[in-house]
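You will see chain A twice below: alongside chain B first, and alongside chain C after that.
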Partner chain A sequence: MAERRGPVTPVSRWATLSRWPLGWGLAAFTAVVGLGLGSLGALLWQARGLHPAMLWEEPWLAAVLRFTLWQASLSTLLSIGLAVPVALALARRPRFPGRHLLLRAMELSLVIPSLIALFGLVAVHGRRGWAAPLRDWLGALPEDYLYGLSGIVLAHVFYNLPLAARLMLQALEEAPAAQWRLAGQLGLTRVALWRALEWPRLAPLVPRLAALVFTLCFTSFAIVMTLGGGPNSSTLEVALYQAMKFDHDLALAALLALTQLTICLSLWLLALSRGGTPRLAVSGRPGRPPGRWWRRDAGGLSRFTDSLWLAGLAALLLPPLVAVLVAGIVGLPELPQGASLAPAALRSLVMALGAGLGALALAVALLAGSQWLRASRRPFEALVMEGGGQLILVIPALVLGTGLFLLLRPRLGSGWEGYALVVLVNAFMALPFAMQVVRGALPGLSAPEQRLADQFGVRGRARVRWLIWPRLRRPLALALAYAMTLSLGDFSVIALFGSPSAPTLPMLLFQQLGGYRWQGAAATAMLLLALVALVFALLDRLTRRPPRHAWTFLPPRERRDARLS
Partner chain B sequence: MTSKLPAAGLALATLLAGGAAQADRTLTVYTYESFVSEWGPGPGIEEAFEARCGDCELEFVALPGGVDILQRLRLEGEGTAADLVLGLDMNLMAEARALDLLAPHGVDTRPLALPIDWDDDTFLPYDWGHFAFVYDTEQLATPPGSFEELLEAPEDVQVILQDPRTSITGQGLMLWIKHLYGERAPEIWDRLDERVLAVTNGWSQAYFSLFMNGEAPMVLSYATSPAYHMGVEGTDRYQAAHFEEGHYLQVETAAMVANTEVPALARDFLAFVLTPDFQRHIPLGNVMNPAIDLGDELPEVFGRLIEPKSLTFTPEQVRAHRREWIREWLNAVAR
Partner chain C sequence: MLDCHDLTFHYRRCDPGETPDFCFTFALPPGECLAVEGPSGSGKSTLLALLAGFLEPGGGRLTWRGRDLLGLPPWERGITTVFQDHNLFDHLPVWINVGLGLAPDMKLSREQQARIREGLAEVGLAGLHDRLPGELSGGQRQRVALLRALLRGSPLLLLDEPFTGLDEATRQGLWALVRRQKAAGVAVLLVSHDRDDIEALADRRCRLDSGRLV
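Our next item is the complex of A and B:
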């Protein structure tokens, strides 16, 4: 706990910082980077004869690299570019029928297992999909637009636009109430609002989001292969899979993993350094329900364009989800008759909770550590610590799993260790997402607030309880939801280690598919989606109630006044 | 609140442990995911074997596919936890043998009823099937009767394939074409490319996400796939196209690990593989042909499947040339 000193002068502000965040940050950093680089190292150590020249000498490999870069850039550009107006529209319209549902669906899309997402996308956009009549009527689209580059980009936008828009919306909603009130009172126009309020909120977020989306698209596997229509469109990850599994060419696998690492990590460093340090704005009250203030830009033309953006989002997002739901409902009678379903669901939930909490703890430790470093004017170290958290994202799961396997050599006969290992790896894999969510909310106390808190001696536990926790609880809940549901739907990690006899929900799904049980599989997929939605809804509900302390409470009169102004 | 914690912890422990009590004589079998599912052959086989051996316990560890079993074996080496591996197919045999981890099965192979002769003393077949193009009769009235007819088919006859780099069926097609066309294979790949709607990473994506959604009238699968649709779903809608020149054969095998701690039990299990008690779970459980003649116990729908000529390379040929053939395929279809 922080040692108590007398009131401090602003000059030596950083000197009074508790060293705890740094310690935790360093511990988390060591764990994450150690695990990531350790598994890569284990692979390199086993591999003999690394031939970097293969990358440009092997024609198909070069082609794959080119294509990967191209589709990932295109997908990122579209996902982020379109997410901005969508997020703005959602922020501008805090109340419309179905808004809640739309937000839930946005959260769902990222965590759907790719197999399920593909089923939904094909059911809607396929040659014989629901959209086929519309497509024929329009006549502009080719019959098989789902296959090839357009399909890959469509699927990636389906996955990533909602994620980006959701995080942008969160950033917009975190804007201090006072700013919106002032904007309302001044009657700022749309352009002025964008320049004064919206863009400054989004600007620090965009580079990070772009890096995240790019990395996800760069390493995408099943989607690129299924919709790509052939080996022309594949990612490095496919080549890596082949090298690792079929050829057992660990040298090539390590080379590919290193290439991927280099490209994505340099992008991350660029993004993180561009993201800039958090602005020292006067922070507002936490937990403010959005859009209480009248906005001049909410009427007129923007009413029309906002509807257009939101309808577009709904049209992108909802039909594939509905397709999964419909197939699931049809398949309900085909669900396994045995008792395996409920235990599988429970097992999945328990494991997801463990992984989610682990990811959250790591994320908070890393961010607190990097914040500490920044506060003590060591921006580079801060950057490295934060970047360390994204490392897992760029190390292919296959490399991580195999490397870990080489390091630990787990014996999976006795259930426990196997599951624990899966939880651990899932926690690490969910970390980058958890960090994205928490990071947006972590600028923390502004300098004046910090000085004030220091002067009043609000430090240590009290500071966390009364000043930091109230601002963090909702982002933390959202981060936990993302981390939990990512592990909930994850199959790849279990697949790496092999599964003991008792299956989790995604394993059950794959077993059903492997055994031709399509309808049952669809029902299981629907249940999985329902669980994911439940986790989000539950965590949202648990943290919705404003925290108990006096000064977040807005007297009703003031609210009324604000709306009238 | 706190008093409930230990109870909750205990409940959690039993939940995660999946009730895997350790018996003294436990036979650990590495196999693939769909084999152990509750509708797969695993549970029935486990029950029958445990009834047979008395106080032993059969424990399956499921990996996604045969390639993963091999990979796991290779990573674990001498210290592997497996006593037995179930699910390495013919094309993986040579590589598995080269690991020097497996022991002879010592089982009398006379009951085997395979379309080819079998004299391997390490790998014991437990089922087999031909790769084939399954078609939707509602989209395609007359399927092509040969590769040539498929290549010459009208433009709307499209197929969904799997990638030979990531999928067993995809690799099967690669071997199939190579076997039929040899040097001409690249040219055939190039022509086939015109017919291809998608090349997925795995069989599940192709069959479930695409074919069952009606995206294309044909999908690369097994000649036994229609048996599931006819026998379990009760529909004749999906059938396999019979190619007159023959189909590539897949034989799935079991083998015991040399330094297992329970060699007698492992041998018992291998002997059990070729009995009706094991084999009766194969046809509709694993949707493959049983390795022995099941007589009346063979489901009637298996009599309605195509019976093509069998094509095979030896495991050693596959091992020697697979990478080169995959490169050939890549360069033929990648532009």
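Our next item is the complex of A and C:
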């Protein structure tokens, strides 16, 4: 008898593949890749007369390039290197007082706009911050350690260590419970557990995670603008901004953008050539700890070292977040006095909604198209379509913005057109993150479910209503929330194309921080944070599973009784 | 009568004249239960998937009361399959899982709702209508799947080892449900490893050997 090569129930032969997903996918792919490559083309065209040798012949440019690489490498090394023991400690200790709070703080630091985080960091680590007495007592740190390389790296670690540790923890928690049980039963030692269970889970994640963190640090704008900015601590992104905004030197901007792109792209190609296809988005569902089975490596010295790592994480994360809340509460009386606050908040919200919906529509279209291609047995084309959305990850926001600006320059006036461009760029920038969140849920039905649906004739609208939408609505809401949050906190693109007289909340916050208006800045930061929380809370509420009484089919009287009880 | 004649299937493309991997011939009259035994990989699930319309046969004939089934999609064949597992949609409560079997668009009439309610009570699941499958035991899940199959009223019931791993009392309850269906004229094809299941339900038995029913 011939050997079976596939499952008995492959993709249903009765499922007629509508061509709509392919059409939408192709349209989105054309838009994303076209605008992405178009903006790059515009830059290349502009850079025709440039000499790349400027990068090492011009001393200031060489210094900027060196510093950018150095700070990004250091931040990546520290973020990933420290995230490993933190994630292992969190996985090893599924229950301890404050674990939930720590995880929530880690997730908050993923979505908090960078200027708010900076506000908190300044409040804690600034010259007269909360940590000043400790710093003076230790005497080992300079008074202004928050500024320059050390401050930039600290801020990057504040941002990226929780991201890396959370994703690593997720990877560890996704290991089947049976494996942890088996490890407990065999009494595996710390080293054996690392080799048999932990490292195999982390290894596929690390290359892409490192590439992601490096790209984020390499292209970081608001942090470097605030904590660096001098000639000794400027990055390519800031130099690009200055070339565009102040020197109007488009040729230099093009050279910087291309340099940035070449470095990020090379790194991503390297990362993509290794490891599997790990998820680079934190799941919306709370992580399920591996269980309470006895772990041989949980006792002894690791009790002490784990406490140390977790206390260190708490010391890094919690004070700045608490400082934002405290300063915000103190600054609350300022809220009604800030005449520019309400319009700025409205502007931010409208733009975030536009960018969020745009990112979501592009993400769904690309993923649906790619899924259609996969179902039609064209895996390579599917990969290309999905990769189109991820391409944006290696094109920094300012590069995209600059390219689009160059493309649209003859027509691009001021005012709302500039804001429309910001919405467009923000939608593109949020696309890879939205795709990561939606990707896991979009395949929809498993083979056995498809078999059941076919058997009962659950097709068309009924299939979407009962079988696909219930699984999609939460990831879609989470993706929209992430995309909106990224746009709400955007400072790089808006700084380039926005108008100081009609600021968004991050712009206003930057203006207030620059003008040492701390009370106003605190109120603005608080409002921005509240908007982020509101977006998440609202979308969470709107897409929660229906209450059980809404699903019951009891007669009206019994239903009323059930509700009352 | 279900008439299956030289229904063939290949796992890979094969040349004309080459012997197919599977070739099934049998007949099953209404109200009868035919048990199919065979070791793992002998093609039991393939047979059920071909009958239900999940796989496309290479050739042959499949009719029910003279009506050709091969050109029909699964939902028009009048066949319901109960699998060993994965019978329910995990994100939907019990009553919707059952309801989808009666009305694929979930536009249930009052009468259908009443039938579901009564059916759930009859199989000992009263009060569990709004539970999710993950909140039920394995036996309860199988009872839901079997109830749905029974309420659909298909003239053909395919059982793919649906009693595996269940305790004795649950199995006996499920056997009683199947026997009732047989008595009502439903033809049952049972695939099982378990002699007790076969002895309790089967009127005839055959064995799958090298892709052929013997």
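To be clear about the criterion, the second predicted complex is superposed on the first by the 301 of 565 C-alpha atoms of A that agree within 3 Å, B and C clash if a C-alpha of one lies under 4 Å from a C-alpha of the other, contacts with A are read in each partner's own complex, and residues count from 1 in each chain.
The criterion applied here is as follows: a residue touches a chain if its C-beta (ideal position, glycine included) is under 8 Å from a C-beta of that chain, and two chains touch if they have at least 3 such contacts.
This one's a predicted model, so the numbers in the text were calculated from it and none came from an experiment.
When the two structures are aligned on the shared chain, A:P448 is found in touch with chain C, with no touch to chain B.
When both complexes are overlaid on chain A, the residue A:Y419 reaches chain B alone and has no touch with chain C.
Within the superposed three-chain model, A:A462 lies in touch with chain C and out of touch with chain B [touch as defined at top]. More chain A residues lie in contact with B than with the other chain of the pair chain B and chain C.
By the document's definition of touching, neither partner reaches A:G38: not chain B, not chain C. Using the contact criterion defined above for the overlaid structures, shared-chain residue A:R471 touches chain C, although it does not reach chain B.
When the two complexes are overlaid on their common chain A, residue A:P379 makes contact with neither chain B nor chain C. Applying the stated touch rule to the two superposed structures, the chain B and chain C interfaces on chain A have no residue in common.
On the side of chain A, the complex with chain C involves touching residues 1-6, 8-10, 12-14, 446, 448-449, 451-452, 454-459, 461-462, 465-467, 470-471, 548, 551-554.
Across the complex, chain B meets chain A through its residues 12-13, 15-20, 22, 26, 28, 30, 32-34, 36-40, 59-64, 67-68, 71-72, 74-76, 79, 81, 163, 165-166, 171, 193, 196-202, 204-210, 212-216, 225, 228-229, 232, 287, 322-323, 326-327, 329-331, 333-335.
Against chain B, in their complex, chain A makes its touches with residues 59-60, 63, 115, 118-119, 122-123, 126-129, 144, 147, 221-222, 225-232, 234, 238-239, 241-242, 244-248, 336, 338, 340, 343, 346-347, 350-351, 402, 405-406, 409, 411-416, 419, 495, 498-503, 507-508, 510-518, 521. Across the interface of their complex, chain A is touched by residues 10-12, 21, 41-43, 45-46, 49, 52-56, 73-76, 79-81, 83, 86-89, 91-93, 95-96, 99-101, 104-106, 108, 113, 116-117, 129-130, 152, 210-211 of chain C.
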